[in-house]
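You will see subunit A twice below: alongside subunit B first, and alongside subunit C after that.
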Partner chain A sequence: MLLLILVRWDLEAQLIFFAILFIGAVSAIFFIAYFSSLLMQKKEDAILEKRDERESLLLTILFEENSEKDDLLVGFKEFNIDVKGNGLRKGKRKMLRQIMIDEILKMKKNLSGAGLEDLYKLYEELRLYKDSYKKLTNNHFQLMVMGIRELSEMNHKVYYRSIYRCTNHVQEDVRIEAQLAIVRLFGVKGLRFLSRVTYTISEWQQMTLLYLLTNMKNERPVDIERWLDSKNDSVVIFSLRLADKYNCFELLEKIGHCLYHPNETVKIQAVLCLKNIYNENTELELLAYYQVVSKRVQIAVLEVLKSLATQDSVFFLYKYLVSCELEIRFSIVRILNGLCEGIDIIRAVEKEPEIKESVIQMLEQINNEKLQYN
Partner chain B sequence: MCWELWFFYFFTYGILIYSIMLICIYLLIGIYSVYENINHMRKHEFTDYSMVASSSVVPAISILAPAYNESASIVENVRSLFSIYYNNLELIVINDGSKDDSLQKLIDAYHLVKVPYFVNERIATKPVRGVYKSTNAAYKKLTVVDKYNGGKADALNVGLNIATKKYVTCIDVDCVLEQDALLRMVKPFMSSPDKHVIAAGGVIRVANSCEVRGGKITKVHVPKNMLARIQTVEYIRSFLLGRMAWSKLNGLLIISGAFGMFDKEIAIDAGGYDTKTVGEDMELIVRMRLYMEDAKRPYAVRYISDPLCWTEVPTSYRVLWRQRDRWMRGTVETLWTHKKMFFNRKYGVLGLFSYPYWVFFEFLAPIVELLGWVFLIVYAVLGMVIWKFYFLLLIFIVSFGYLFSASSILIETFTFRQYKEKRDVLKLLLAVLYEPVIFHLYVVAAAIRGILKILLKSETGWGEMTRGGFAKKNESVKSDENQKLQTETEETANHVKEENHEK
Partner chain C sequence: MAYLDNYVNGNNNKQNLLNHTKINGMKILIAEDEKMTLKMLSMKLQKDGYEVIQAEDGGVAMDYLEKNACPDLVITDIMMPFYSGLEVVEKIRKDLKSKIPIIVLSAMGQEDSVEEAFKLGADDYITKPFSPIELSSRVKRLFNA
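Moving on, here comes the complex of A and B:
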């Protein structure tokens, strides 16, 4: 309709119309920008006030050492019931309960022992898990993530099936959070999701999972051997990391198979695993392996040989000292320096003045590093 | 139709069509950027960076910080880099043949001694005079390299040669980083299983007038200086309404030289920084991308929309002029060097969208604007201008500029909310109004000068922009008087430096 009217106008009128429209839009954006900043500030202040209020109440409940503690807890629960019963708008009630959950989660980071148990108890008694579960069953990924995190952080295991189902969710964020949650809830046992996950587990996720496991009881995952055969390469890489972390010596043969995996990253991870998990043949096997792999894998092999190499490696390493790139040569010199006299290494490259010069510099640096902070 | 009329129509409608295209492209990119920024915020809202910060499993990073005549602030700046929240890093400061006592100050402050060091020169650079390490174990992460002067790119290449870690972060030594900046920056490298992330960049924010304590931004203020304030708007607009879209399209051609992270091996294999250009940051990204494209390896350049790095912007028109002139020269040099990408289907998004965008809307924009002004004057003299239409169109263009800038402030208010004080948003909105009046014309003029320099081959050096540094004002908010003094110091220092430093 507007278009029809506009078409009938002459160009000048059309331009004036659009100019007015543009100026109007600019003014509107200016006003919206300014007033929304004011409004948001106001809203932030209000939320902050509520947070402070809840935080102080929580602190009183959790750390009050007198007999009034239980009364306060009852009162606090009633306060919530009151909030519900007083006919407050659903939105506001929801917001207040969310603030409560946020405060509990925030406080959880600084608590342990009895205090933490009280906090879990409070979460249960106020039925805040219902709010979290509602989020978990929502279709919006952000809410699902929030729900999963809240339930797992508060150690609420009742809905673990729903969380477990999400460990192979099509939405990456949900999947990531569910995997972390299940490990948070069940420790190494939670890693069973590795048997069903079909999506790639990113390096970041692997790092986060390993970090979570570091802070848990030192149980060993039982299925690593099976996961090492996974068709999902990222599961194999993660399993190798797990094998390394938990010193699974019984998996040495399996790790050896991974050295010949088609994926280069798997190969590298398998090599690095051998730094901790090895037997008397590993060194020689690695020396043989070195000759048939790419430069990236070779660098990993040398990294492992830094701690594994014995006199058996010396002849082999001398052989490669002359023919390799500077970066690899540096690693070889570093290994050799731990096995024989510097002068012998220099003698080995006597006939190549350029290489000799670089080897001398490398030796000087390596020896200085040893002295520097000792 | 006579040729004069052809000429008239060609330029009048040519410029009009160009302007309409420019507006449409800006709008499309802006809208897409906002959408992606909001998505990014939602996705990363739950990432707990503090959890892995202290972890030993985080990937190793080398920070490369080139320094040239930074004596006034070098010690404090390095100290602020030590406060970065990251477990597995080495800090390499490259003294690019400073003529002042920068090196000595570092030696004294951090108990440095010259050590034998093997430099694997995978990229050819100016000779290294010496490598210094601290005798104090508290500073064992620090390596100071002293080299002959060769410019910023050369210094960074030395850093790449010396770095021992998998990822390198190149920063301006006087930047202030957010505590978790490295964690946020390293995440994209580890979160893209299908594509090899070769570089990542973050948002640079303006630090003028902000409170800096112990190497950290403690309170964010809108700059007191109007020029810096306008640049604040410009930075917000550029980062919020531009880069995210290009990142999502995998067409990002630039990572700010002030703070960027790279895969070291790819950066070296691609040849390192080009010492012959003044736009070495953009050039390296383009070359790394070409390297990956030619190798047919799936890759990505990522951008993180969180504010990660704070830097000072010029507070005097003279320094701003040099900076913008240099930026344009860098753009032209990079585009010219890699001209084979222009509408080359082989390079996909890069060749069909990113590169042409930079040619048409970054490089040509000031030229078209200049032509617009020239023809306006000519037509006015010849009495060919219909002033009513002219003013109406002018209202359109200026309003669009206002609309775009004000929208970026609005988006900032709803997303990152860095400026929390009531009057800050108002100040920024006023700066939006002021921008087209002088600032824009000045920046266009500086860009034109840059293009002329390239055409006339009158200047090829870096002509670096040096700041006063945070050190002097590290413990307090900079006063206006200090700012004035700093501006004067900057100007004098720049003058001396440009004479000495240019190659």
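Moving on, here comes the complex of A and C:
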């Protein structure tokens, strides 16, 4: 019908009609966007207000000495567990309880001692762990991560089995969070996930785990020896780092085996481990090892020799000073500078003018560094 | 928390940067840029019966110290915008020549800054996260010293 009318109209009328239609559509879109943003702003303001309310509630519960917790919580329907639904829509109740969890976690960062214990207690009493556990059992990995983090941050150990299962989860974010959580909850004992993890543990994750362990009781993990045989190379690397951190001298032989691991990064980590865990033979073994490995591993060996080298290494180092690359030569000069006089090093390369020139420059740089840092 | 007085920053006209709550005689200035920490410290000390002046950054703390009489004790964070806690300590000791007790708040791993603060004249330090009981006892100890 509309089409028929349109066809009968002349071109000018048709153009006016479409112009009006276009302006109408644009205006409608504009108004919808405007009112949606108003609604969203209103919602955000309401959430902000709820956050402030819960923050004040928490501060009162924590710092008011004579406050009766139950009396304070009366006005907050989401914590009333006796009434089904608590007179709130499910979504709203969930949101309000999440706000409380967020506020507790925010406050937790600032508290230690008795204050922190009070926060843990409150999380238990309000059964907020149930909300966190629901997230852990959700299929969305972002929610799982949130749930795991909340439970571990609030030191809630009841669901540790579910968290432990996630330490080898196919989704990387979940896996990372679960590994951190289990260590946060159980310290070195939590590291037993290393026996079953099949995915690579990234360098960053290894550093984070080591950092977490630094702030915990100084127990030693018992299974390092077994983890050094793991088929997962990242587990072997991490175990070497653990052996180093906990000064596991009894693992020297096992670390020695790792020097011949097929993975070059494992070899490098094993070499670096020998900086702290060594015996009287380590220096000579490293000198022999140096001759059969790649440049990357050689640089690691020289790094260790900086602390281990004695006069026994001097002849060997002079031999490689003439033939090696610039980077390696600099490391060798640095080691030799600690063992002999600078003039002797220069004499050793007397017959090679180019090398001699670079050695002189290196010695100058090393001495300047010494002056600068001492 | 009832704020009885809103301080207006002269240059920037920033309101509510400094909140002033009177409880009783002893006046404590807290300079801390992390709002939650500032609130928690203030609440605890107010419950202990002190008058608390909140400064939300180093600039506001410096401004307060310049325009008002020295408080009875200062608690200052080390890392803050505009002026650091170290500069606040320096101002109190060198410019104002005051001997009031100063506690610095430091995060884990800021030992060097704490040492620097002691050299400048700070009396004690508290690491974050802090224990409310420890905070109270340290403040009490400094007032009794």
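The rule we apply is simple: the second predicted complex is superposed on the first by the 307 of 374 C-alpha atoms of A that agree within 3 Å, B and C clash if a C-alpha of one lies under 4 Å from a C-alpha of the other, contacts with A are read in each partner's own complex, and residues count from 1 in each chain.
Just so we're on the same page, a contact is a pair of C-beta atoms (placed from the backbone, for glycine too) under 8 Å apart; a residue touches a chain by one contact, two chains touch by 3 or more.
Note that this is a predicted model, so its numbers are computed, not measured.
S.K.: A:L284 contacts which: subunit B (first), subunit C (second), both, neither?
M.R.: neither
S.K.: Under the stated touch criterion, which partner chain does A:A46 make contact with: subunit B (first), subunit C (second), both, or neither?
M.R.: neither
S.K.: With both complexes overlaid on chain A, does A:W204 touch subunit B (first), subunit C (second), both or neither?
M.R.: First partner only, subunit B.
S.K.: Can you tell me whether subunit B or subunit C touches more residues on subunit A?
M.R.: Looking at subunit B versus subunit C, the one contacting more residues of subunit A is B.
S.K.: Kindly classify A:V292 by the partners it touches after superposition: subunit B alone (first), subunit C alone (second), both, or neither?
M.R.: A:V292 sits against neither subunit B nor subunit C.
S.K.: With both complexes superposed on chain A, which partner does A:M216 reach: first (subunit B), second (subunit C), both or neither?
M.R.: In the superposition, A:M216 contacts neither subunit B nor subunit C.
S.K.: Please indicate which partner A:S56 is in contact with in the superposed arrangement: first for subunit B, second for subunit C, both, or neither.
M.R.: A:S56 sits against subunit C, while subunit B stays out of touch.
S.K.: Which holds for A:G115: it touches subunit B only (first), subunit C only (second), both, or neither?
M.R.: After superposing on A, A:G115 lies in contact with subunit C but is clear of subunit B.
S.K.: Thinking of the overlay built on chain A, is A:K106 touched by subunit B (first), by subunit C (second), by both, or by neither?
M.R.: Only subunit C is touched by A:K106; subunit B is not.
S.K.: Applying the document's contact rule, which stretches of subunit A touch subunit C when the two form their complex?
M.R.: Going by the criterion above, the answer is residues 55-56, 59, 62-65, 106-116.
S.K.: In their shared complex, at which residues does subunit B touch subunit A?
M.R.: 42-43, 45-46, 51-52, 55, 57-59, 115-118, 120, 122, 133, 135, 137, 140, 187, 189-194, 388-389, 392-393, 395-396, 399-400, 402-403, 406-407, 409-410, 413-414, 417, 419-420, 422, 424-426, 429, 432
S.K.: Under the touch definition given earlier, write down the residues of subunit C that touch subunit A in their complex.
M.R.: Touching subunit A: residues 1, 34, 36-37, 39-40, 43-44, 47, 128-134 of subunit C.
S.K.: Can you list the residues on subunit A that touch subunit B in the complex?
M.R.: For this pair, the touching residues of subunit A are 11-12, 15-16, 18-19, 22-23, 25-26, 29-30, 32-34, 36-38, 40-41, 142, 145-146, 149, 173, 177, 200-205, 207-208, 210-211, 214, 234, 326-327, 330, 358, 361-362, 364-365, 368, 372-373.
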